[in-house]
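To keep things clear, I will list the structure first and then write my remarks on it.
We call the chains A, B, C and D, going by the order they appear; numbering starts again at 1 in every chain.
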Amino acid sequence: MSGNTFGKVFRLTTWGESHGPALGAVIDGCPPRLPLTAADIDLELARRRPGTSIHTTQRREPDKVEILSGVFQGQTTGTPISLIIYNQDVKSEAYEPLKEIFRPGHGDFTYQAKYGIRDHRGGGRASARETAARVAGGAVAQKILDAVGITVLAYTLELGGVRVRQLAWEYLRENPFFCPDPEAATIMAARVQAIKKQGDSLGGIVEVRVQGCPAGLGEPVFDKLDAVLAQAVMSIGAVKGVEIGSGFDAAGLTGAQHNDPLTPTGFASNNAGGILAGISNGDEIIIRAAVKPIPSIAQTQQTIDRQGRPQTISIGGRHDISAIPRIVPVVAAMVKLTLADFVLRQKAAA
Amino acid sequence: MSGNTFGKVFRLTTWGESHGPALGAVIDGCPPRLPLTAADIDLELARRRPGTSIHTTQRREPDKVEILSGVFQGQTTGTPISLIIYNQDVKSEAYEPLKEIFRPGHGDFTYQAKYGIRDHRGGGRASARETAARVAGGAVAQKILDAVGITVLAYTLELGGVRVRQLAWEYLRENPFFCPDPEAATIMAARVQAIKKQGDSLGGIVEVRVQGCPAGLGEPVFDKLDAVLAQAVMSIGAVKGVEIGSGFDAAGLTGAQHNDPLTPTGFASNNAGGILAGISNGDEIIIRAAVKPIPSIAQTQQTIDRQGRPQTISIGGRHDISAIPRIVPVVAAMVKLTLADFVLRQKAAA
Amino acid sequence: MSGNTFGKVFRLTTWGESHGPALGAVIDGCPPRLPLTAADIDLELARRRPGTSIHTTQRREPDKVEILSGVFQGQTTGTPISLIIYNQDVKSEAYEPLKEIFRPGHGDFTYQAKYGIRDHRGGGRASARETAARVAGGAVAQKILDAVGITVLAYTLELGGVRVRQLAWEYLRENPFFCPDPEAATIMAARVQAIKKQGDSLGGIVEVRVQGCPAGLGEPVFDKLDAVLAQAVMSIGAVKGVEIGSGFDAAGLTGAQHNDPLTPTGFASNNAGGILAGISNGDEIIIRAAVKPIPSIAQTQQTIDRQGRPQTISIGGRHDISAIPRIVPVVAAMVKLTLADFVLRQKAAA
Amino acid sequence: MSGNTFGKVFRLTTWGESHGPALGAVIDGCPPRLPLTAADIDLELARRRPGTSIHTTQRREPDKVEILSGVFQGQTTGTPISLIIYNQDVKSEAYEPLKEIFRPGHGDFTYQAKYGIRDHRGGGRASARETAARVAGGAVAQKILDAVGITVLAYTLELGGVRVRQLAWEYLRENPFFCPDPEAATIMAARVQAIKKQGDSLGGIVEVRVQGCPAGLGEPVFDKLDAVLAQAVMSIGAVKGVEIGSGFDAAGLTGAQHNDPLTPTGFASNNAGGILAGISNGDEIIIRAAVKPIPSIAQTQQTIDRQGRPQTISIGGRHDISAIPRIVPVVAAMVKLTLADFVLRQKAAA
């Protein structure tokens, strides 16, 4: 039973391969009478678009969305919203050599093992390009969050070992890394250039803060808010770890250190990361995602082909050096999709 | 829309409050003709049972399961398997003082915010006691894994800052901590005793290794194997972070360091943690869960009551010092439930 | 993937075999703070109870429900409501001869074909006894309908060819047939006695009218209100046909005859049966279910055994002559469960 | 929670309005390595296409599908199959007068009541045009049925009171009514012409026979095969009743008449319609659907506008006289989609 749908009330279904004619999304369960235009979505798509800086891939795609249904005279109608983004600038022939070989760190081997057939062109369905549909869906989800007053801030916390030292939101969109610390951003840029020369790639950490989330969202016991956020964020290709609030630091703390005291004006600290017993507590929600380095590197790597014979591979071409920054709006989108779903679920639950 | 069911084909629904008459589970989607007895389940329940060592709570419950349906003459029939565990040794009056006050680090505040009503006795639905039903479900899931040859090993990797230095499986059940390193276990025991005197509690890390999992399990894109494992593990009350394979360490590595080379005899390393592009790759699956310290501590804490007035609270009674070790079989159960579901999903997908 | 759960927001999961220790239901998604007692449910269970009249089976079961979770101090808490009904008066040995033989018109053959194993005692999971859990669930659903002002009236429209000629609600509970026409009820009683002497059984038609349903319930396109009602009602063992409003008569009408004109004070007729384009229109919802004759009859029938050899069978014992009247509250329950789910779904959709 | 997805393992999600730029479907859960081309789907679409005979609407649309994903080199890949059909020949301005008025028998009133907004052009989402996406999905489902050897035959059983007297399959595609009785077809044609002159429309009955279905499909208790077939067929706009096997005739029969005796060579009769206790019994599956007359008629009808004021309406234009024959392939498609889902579900269940 396949897994291309996310959400229970606000449901996003995505489809499309990297080098097919198009990719897209169907959103079912969006309430009626919300204002929505293609421009709203294009704005978000622009943030994850390849080719927006020297730090990201040179594949140039306008990534303009077309709304095919579910919107009438600028408003959602309550029927499914179908979004399509046509693929352009596709150089499939460049992938011909990869038809018979498994790239390390990619899904080539596992897709072959699972399906017995594989669209090898650009990673097919496993391509990061798939996330464009998530970002488009997230832009629609934001309309629901707007009505509640929820804001989702996503940013680079760490890249190639360089860690942010301040959260100065005014810088967030001033640099190509979605980095709230301009000094760190400068060091990150240098780190990216250095590793590029080595034909290697970098990992990092994305952090998300959700502001304005009311207490009461989340559905015990398996659909706890943090549990579904963990699924949402871990479902992004490059993510290897997810933390809420104190995260792995919690393992080394004592109860007296970790418990957030309640006061008449709110929680005195936020180790909980805004979620207690799987339900939002009204405080800021804090999520972190560990992002692995891009597996496509120019350095020569050891691998095998479909016949199991040893091969070497060097992946040139127009690849990013890190999933960051392009993954930042994707993580934000998954958080938005999760929250929009829980906002609607709570309406049914109350 | 509530969230008390886990899984899509192999589905576990749990119910029950800490101080109600009983708690239980209904398993729907279990294939017919698998051998199953109450004793199979009791064995797993014994592992998470309170009162099995001085390190865990003194509430003594036999935790014997009764199978009410779905099994005929020792075999599953394909119909829903209903499991019930009666609550005993319930001292509800001890919780009377907590009726009007919110315990820090617990779900008291958020349950009240969400539902406007709360069974305050022993944490109600938010009690760790709920996990007994998960463990029972996991014992049934194991029957499906047995047929495939999948083994799930769960153990304490870290407790109160004490880290395991070796994985010697023969010691795993020799100490009360499910700790594969006897020396570490001895230090952990001392650490627990020391913190107990301080009226405080400890966090830690649980690690799970899945052996014998075939390549091909997991459903792109949102139901990636790692994504659903993340939800499964994060849905356990005390968990604040989940990692797969390299986890957060991946953020500091380069692609050349992180990629696992493929060789004719398998992967040369396992930073992937057995999962690539959301699909098992045939290697060992490695999952880690960060466990926060138990929030119920004897030390005096600052909090508020239902009227929002400041209060202090000191939680005495028979509480554990750490969710570890009792959480270890719970994490194992959630991994088993996830894998059993994906084994059956793959049968439908192939 | 099994199908023991009904509903998407208000979800009923049932379990249990005819001759197991108990049967029950778990209701997930019931809003908090609704008043609920076991007595509310017992009242509904009494309506479908065997042994309430000479026209129904002599198996005598008190059918008292126990609420095991989800209710605290007389109110629902928003957590799963677990209901259990213990089986009593079970004479399993009477079914021993049926272990190796397939009863005509029953699920014996198909359960064996599907599962390769079968609890033959009293029909196991396929027994009409399973519907007790539906009726219990329907009693909880009614609490949600109460808040909206929805009333569900179910009654016998036809039994053994005897058709009701008037809908006089005051007689509905005055006779054992849930029959709103006392004269018809008298003829039905005679018909039942006559067929009983012949060792045969009777079919009939149940009609349901839903009053007070607001316009706007139902989810196009596949979860139309009439579509899900059709599934709900057809999922009851003996039902072979479902109609909404004009039903099969619509096939013979013209558009001018069938269309219900709209007027400032409502629809001028109700061929729609209260549902247009899958959405309730505010008018009375009308559903009819065709009920086949009970397949267990004393007359000798031709059949085969598990080895495929020809056999004859005569089924004596304490069987009903018709699924009517006991099926009437079951049909009502399925309609209630459907409507409660759509009431909550609409809250999330608006 | 919206309802634009059908199926649990083989899942069809449809989207699109009558007068939007396109409509389409996403199929998730289709197994890999099945042969599939756009031509396979176009063949089915041609059967329900408007303008194929004088008996159907004059809107002329080529209805060519484009496969946007999930198929690689002529084979399914296991990833979502996205299908798009562009709308052409759209005369939206013809619907301008209907913006403020509710057409009797249509969803205009209920869509407005539910959503508070309505795409009035051509019925919007409630248009029968939506069923093109179902037929496209059914063509994909057929690929799964092919592998099992299941054939679905759908035909007109009755139109405008004219009933088929023989099932001569060789005539099925010889007349525009999918009518297996050439004499009946001739009378039907005359009946259609006569009613057209009166500015009125006709209803009818569609029957489906499924051949080659193995025993064992269907999931008790709520997802019985007949229950889900009932939902599937009733979810088609014009359907007011669904029968399985004996259907409403069962109400008037006795058990001795209705039970199908089992013999060493199969069932001696088929009142069950191929389904016992919700599970296929290996016999021919028989389903009937009552189809109401097309509500759009030229005759003057009484109605109201959005302000609730009385109005009259006469609907001219290019409307069909009956949903038959165009609904016939739609009913077939829904049956195929249901069976394909249960075939895959049984793989997971066994």
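Assume contacts are C-beta pairs under 8 Å (C-beta built on N, C-alpha and C of every residue); 3 or more make two chains touch, one makes a residue touch a chain.
This structure is a prediction, so every number in the text was calculated from the model and none was measured.
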*Which chain is most remote from subunit A in terms of Cα centres?*
C
*More C-beta contacts across A-C or across A-D?*
A-D
*Can you check how far apart subunit C and subunit D are, centre to centre, with Cα atoms defining each centre and the answer in Å?*
27
*With chain centres defined as C-alpha means, what is the inter-centre distance between subunit A and subunit D in Å?*
39
_Just the number, please: Cα centre separation of subunit A and subunit C in whole Å._
46
*subunit C: positions in contact with at least two other chains*: 1-2, 4-5, 8-9, 14, 29, 32, 78-79, 114, 125, 220, 344-345, 348-349
_Can you tell me which positions in subunit B touch subunit A when the two form their complex?_
1-6, 8-9, 14, 102, 104-107, 109-111, 113-114, 125-126, 130, 158, 160-161, 195, 198, 200-205, 215-224, 226-235, 237, 240-264, 268, 271-273, 275-282, 290-297, 299, 301-304, 308-310, 345-346, 348-349
*Spell out the residues on subunit B that touch subunit D in their complex, using ranges where they run on.*
1, 9, 29, 31-32, 78-79, 220, 344-345, 347-350
*Footprint of subunit B on subunit C - complex, ascending*: 1-2, 4-5, 8-9, 11, 13-17, 20-24, 26, 28-29, 32-33, 66, 68-70, 72, 75-82, 84, 114-119, 124-125, 344, 348
